[in-house]
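Note sheet for the following structure.
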């Protein structure tokens, strides 16, 4: 279960409110790279964790930290929506700063739906979706999903950093970027604990590899048209990363037949012309 | 641009049609772990590829291969929906096999909407969403996203393998599992080409690390209540994986103040009792 | 910020696992009436709270409690997915209980995507959507939204109670139903603090009522066809609940003109026949 | 504006309630082929109708009729959820028919969320989406969209007809199928009024055709690999249907160059290895 | 069933078209606080109404009225998209007002997809979702859901009122705000008819309260960290609103054990290291 | 299976990058009228094609061509996001063109999520949904769905053409508009092959028409209030288009009874007042 401290994990300060930046921050709250996603992803992985108990604890801890990041960002949104927007100080804005801000690029729903506060949505107002919560039951797959979330999350935070000159916002982002630095490596450290690439690949490593069609397990299949030069690299030659095979470069070819589906069932209510004996069309 | 061969990359054969398995296969078509996602993910990464041209080609090639996997799985769905369902051969099924199948666990929309064919949806009928297409513009982030897709994808294929006894279906899945084995390692091989963990971390590695708040970049922050034992491991001690710091175990603490939002703007139409001077309530 | 205790708020025990019940529990996790929604709803209301500080604290506290309810329900899902399903003990189930369970009504994605654990989705596998998080910036509107969530949530919990005979599950639901009893009244108590109906209606009460078209503010407009008997009740006569008017029963009538839109702009690329001078059709 | 008559357009009678059929009927309410979609599609087309006023009236009329079809189907759902399910009369069902029905293939949310009534969702519980409401501002495009909706809608109704033996339900579907027969032809009659194919094609016919690249306007481009036999038919030879050209069969070929994107902007935070001068990788 | 009058319920007049306001109006059409939602919510509640027949009639009537509000707002959108936008009269706008409007903050899909008309979507272009249609089968829960919809809907209308200076638009909003005033109280009047709080709480009041864990039914559980001051109020002391208990303030504590999930099933294809006997990792 | 040529089907050239146009182009990629939809629609129709094999081939061919159109448009997006935006050359833009572009109307996620590249989403950032992929199993229904997609798609391309002055973009759109011209007629040519309207209507034509309620199959039912003048036209008189009946104009009337639902089941947990014997309320 969970507890709260009404203080923030790190200070959130906005020197000059900017409603347009409040819109952009939404991506870090409810976007696919955002904190709602990582918070729920780590917590759901913890809630369903089977195997070494240590990982449940580790996941719970970081998921709980991320909830505090949602709080920081939502606070940042609310503060950016206060007062007259900094760089919209024209005549219209002086007359009615809310009109100016809504008409000038802020997320209109931060005003219309939330009365000047954050939404559980991304920078385009698309609501957060639970479909982005990865908790596969496979520890290695989940660790890579977490690295992905933190890598795209840190790229997002760096890009937001580029879009603001506000010292308070820049300071908050510096903190969040640093936490993403840690979290990327935290999940990769688990991969290392599990034995690195030879210890974990192919994922899941509990499926007996002799059941798969081994003769294509290390082939880089090139689907370029005849005459197109295939790329080569670490993935076309040398030992495979799981230590179990050798990469090869192989041109694509159809090994299967052309599919031949049965005619429609009567109950499927295709057109009569699709039924057998009606092929006289043309 | 693209071309097609009407033959399949690998044979798709169904010995005893099973409409319920046709439902489960939908997860591998339109689910978050499915082929529509990897196909579009690799193609969109290729379409937006900036930097070494080799990677555009590599991504185009594998994205194009995955389109053929969608075709194989959609064919498998159509074949599983043909004829009387194998293990639903009771009295009702003999009277009307369509009724039996729809009532007995198949996806009703494969019949109602598609007339016995595949949908662009997952095993619960939730439509495929383009939100799952990751193409971040950062090569390393994208490679980890691709590893994740192939790791969860291979886990899915293994689980489907467990749910069928049909020799044709098992053979097709053996092929797809093997291709996932390759694709996982293909993307990790790119990470290796880019210099491995020290060459790529933290992602993005083009953001100057001195801009982040370095003092928390390698801290495992433990948010457990006082008295709860923190987990330890590779992520709490030793050099960080990017070679730039040292992991530490640090108990969580609030460094920020309690947020203090301004009163509502009049235009936000809060309740009157939320406005200054109205705090007499209770 | 937030902290966790690895123990649960209340015991979660499953005596006889039932994978089908695990599917139904998803509604209480990721459904519109579920815990993910109330957790995020109360937290977002807290994060954006303007006005009396006491309410931020109250909302933070209950939002944090709800996070623990997600944990309890996700644990219940995981436990219901363990071992051979109780009432599926037929021949097929003995041969392969996973096959039996997936084919017999469980959510296939709890196995295919999560490896026997909970999803951030509802009982039909539809992912949780952030669109259900209400935080309007208006305290009274939010309180009613919260009452709604707890009223539909308690109805859901009662219905789930009806669908299980498992003593452990029934006990857990008894606890959750009791908490919903409290939470419904907690939010209504705030309405009482704010002065009850005369103190809060119409919501928002900060909009000057003389700006609205008062002559229709208390009319029950009846849109039944001529000859249909209108319903009467507290809403068709007597003083209005805000104390500012009198309810009336009024038959609907069109006070506005028939709309008359301009012809299409050339740039809208309507059909030529929609353009002026082309009205000779027919 | 709108009025209602509490009576139904046509009688809805269920002789033997079947909760599983109640699930299937949801597709005709909230599915992409369903009545919510056509109702809103015709009404939104009417609300935005520009050009001959007659079509606004025609669309309003049929949109209003469709609202009554939603009512009929929602009533059918509610009636199918009453009493003990007909063909689930086993021991378990006698003990608790609600348990039997929910566990036996009904939409659990019809019970859990709606207390035995219809949802605004499809047969898989996926909520209705406004994205399916087509109102393009182009009359001919809209008419084809409407034909599509009624063609897939009638196919759906025919398939539902196949899945029930209930005389009441069959009678209701006979009525709805007949209305779809009319509506398909109603929209095609408008195309005829507009001059048929030569009068309407290409859509929009208000764009000057000389602006398009006429040399490819009537080419069936065949993208099959070399050696694959192209299909021929009405679409590969003879006059085009708009009367302005001649169909041709043309093998696909790339007329464009290979795309060459600029290197990443620094602000895009790609990996350093994607930046110019870093191409030494490999 | 339903009928229409081609006239509007109330006049819709736009003095100076403003395409940006047309975007904002979308929230009142297809947003979660919008008219599509209330229209369908009241109609679905009517279609599934069980119990006193009077309420079916009342709901049908108001649902039908709301359909006319969609019509008014869609007309307002279409009129705001006509002619040259009022405050975009710069040089570019004079050259091509459509370009100016699309580039200057209007919803591009109102032009691109609808040819200058309304969409079934919100102010950010997110399509309307049927998930927002609440019809729980419980009359009291539904009444609170309706109050919520009208409270957030009236807040939205007031905020829109703030964003326009157009006399026609302001007049239309004055009418809609007044109707929301009525509808809020109409649903609360039903609560009063049902006996007020003691007559309706806890919702559902048909569940035997002795089945719930009464000892926590009136506890305000405070989850703040030790040392954080709990809020007090009407919800922490005094008789509960249902007249059945007494509110208390209780600090949160974990009454449950730490969850202990079984190891992964072999068929779940976790990593080998998650399986029993593999805990040697670390 | 599929192959690629790294060259484009047609040249994509951007003379003056415009990040705002890059946003608009998203509609043609991931919008309901866009290329992702037609690509997948034609391919899924091909994958499930039953009946004359020729149509599978035709659909595969055009679906494969459309994939190349996605590639062209995604390339156009990437090129429009390069360098300093053309008409945003003010002081701020010179200081930081990324800030200027993001703040000035581009899709922020093209930067934040994609690092200056295309998304699988529409012009409002709403992700592409597989729900728009129509493959009904009925050839005639599918052909009309395809005509609809190409008619709305061509209208979209014409509208985009209006919004750019860039010669490269205009040239690309001229090509795409021409391809849409062909594709509209290609699908209508199949209708002609199938016998035209008398050969295909009503769709599906395999359902025995004598099963439907023929007496309403050709009635234009007018739901206008008494006194409202009904529209007349080709759809109210003369032979029906399927050659099987005669159109009539018929005023709407309720033929069905008022619905009468049973009281709530106890397990549905309605309010007590909805149960029989409790009707004393009011």
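Chains here go by letter, A, B, C, D, E and F, matching the order in which they are written, and residues are numbered from 1 within each.
Throughout what follows, contacts are C-beta pairs under 8 Å (C-beta built on N, C-alpha and C of every residue); 3 or more make two chains touch, one makes a residue touch a chain.
Keep in mind the model is a prediction, meaning the values are calculated, not measured.
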Checklist entry - Which other chains touch subunit A while also touching subunit D? => result B, C, E, F
Checklist entry - Shared touching chains for subunit E and subunit F? => result A, B, C, D
Checklist entry - More contacting C-beta pairs: B-D or D-E? => result D-E
Next on the checklist: Tell me the rotation angle, 0 to 180 degrees, that brings the C-alpha atoms of subunit A onto subunit E, to the nearest 5.
Outcome noted: 120
Checklist entry - Counting shared numbers against all numbers at the contact of subunit C and subunit F, is it over half, same, or under half, different? => result same
Checklist entry - In angstrom, rounded to a whole number, how far apart do the mean CA points of subunit A and subunit F lie? => result 27
Next on the checklist: Counting only Cα atoms for the centres, state how far subunit A is from subunit B in Å.
Outcome noted: 9
Item to check | Mean-CA-position distance for subunit E and subunit B (Å) | outcome: 30
Item to check | Junction residues of subunit B - those touching two or more other chains | outcome: 1-9, 32-33, 47-48, 50, 54, 57, 60-61, 64-65, 68, 75, 78, 96, 98, 105, 111, 113, 115-116, 121, 124-127, 129, 131, 136-138, 140, 152, 155, 158-159, 162, 193, 203-204, 207, 223-225, 228, 233-234, 252, 254, 256, 259, 261-262, 264, 267-270, 282
Checklist outcome for this item: Residue set of subunit E touching subunit F in the complex reads 1-6, 47-52, 54, 96, 98-99, 102-105, 107-109, 111-113, 115, 121, 124-127, 137-140, 193-195, 199-200, 203-207
Item to check | List of subunit E residues in touch with subunit B within their complex | outcome: 155, 158-159, 162, 233-234, 267-269, 282
Checklist entry - Quick one: in the complex, what on subunit C touches subunit E? => result 3, 5-12, 32-33, 54-55, 57-58, 60-62, 64-65, 68, 72, 75, 78-79, 82-83, 96, 98, 111, 115-116, 126, 129, 131-132, 134, 136-138, 140-141, 144-145, 147-148, 150-152, 154-155, 158, 161, 174-175, 177-182, 184-186, 188-190, 192-193, 197, 201-204, 207, 209, 211-225, 228-231, 233-235, 240-242, 247, 252, 254-259, 261-262, 264-265, 267-270
Checklist entry - Touching subunit F in the complex: which residues of subunit A? => result 20, 23-24, 27, 31-33, 105, 122-126, 152, 155-156, 159-160, 162-163, 223-225, 228, 252, 254, 256, 259, 261-264, 266, 268-275, 278-279, 281-282
Item to check | Interface residues, subunit A side, partner subunit C - complex | outcome: 1-9, 30, 36, 40, 43-44, 47-48, 50, 56-57, 60-61, 64-65, 67-68, 70-71, 74-75, 78, 113-121, 127-131, 133, 135-138
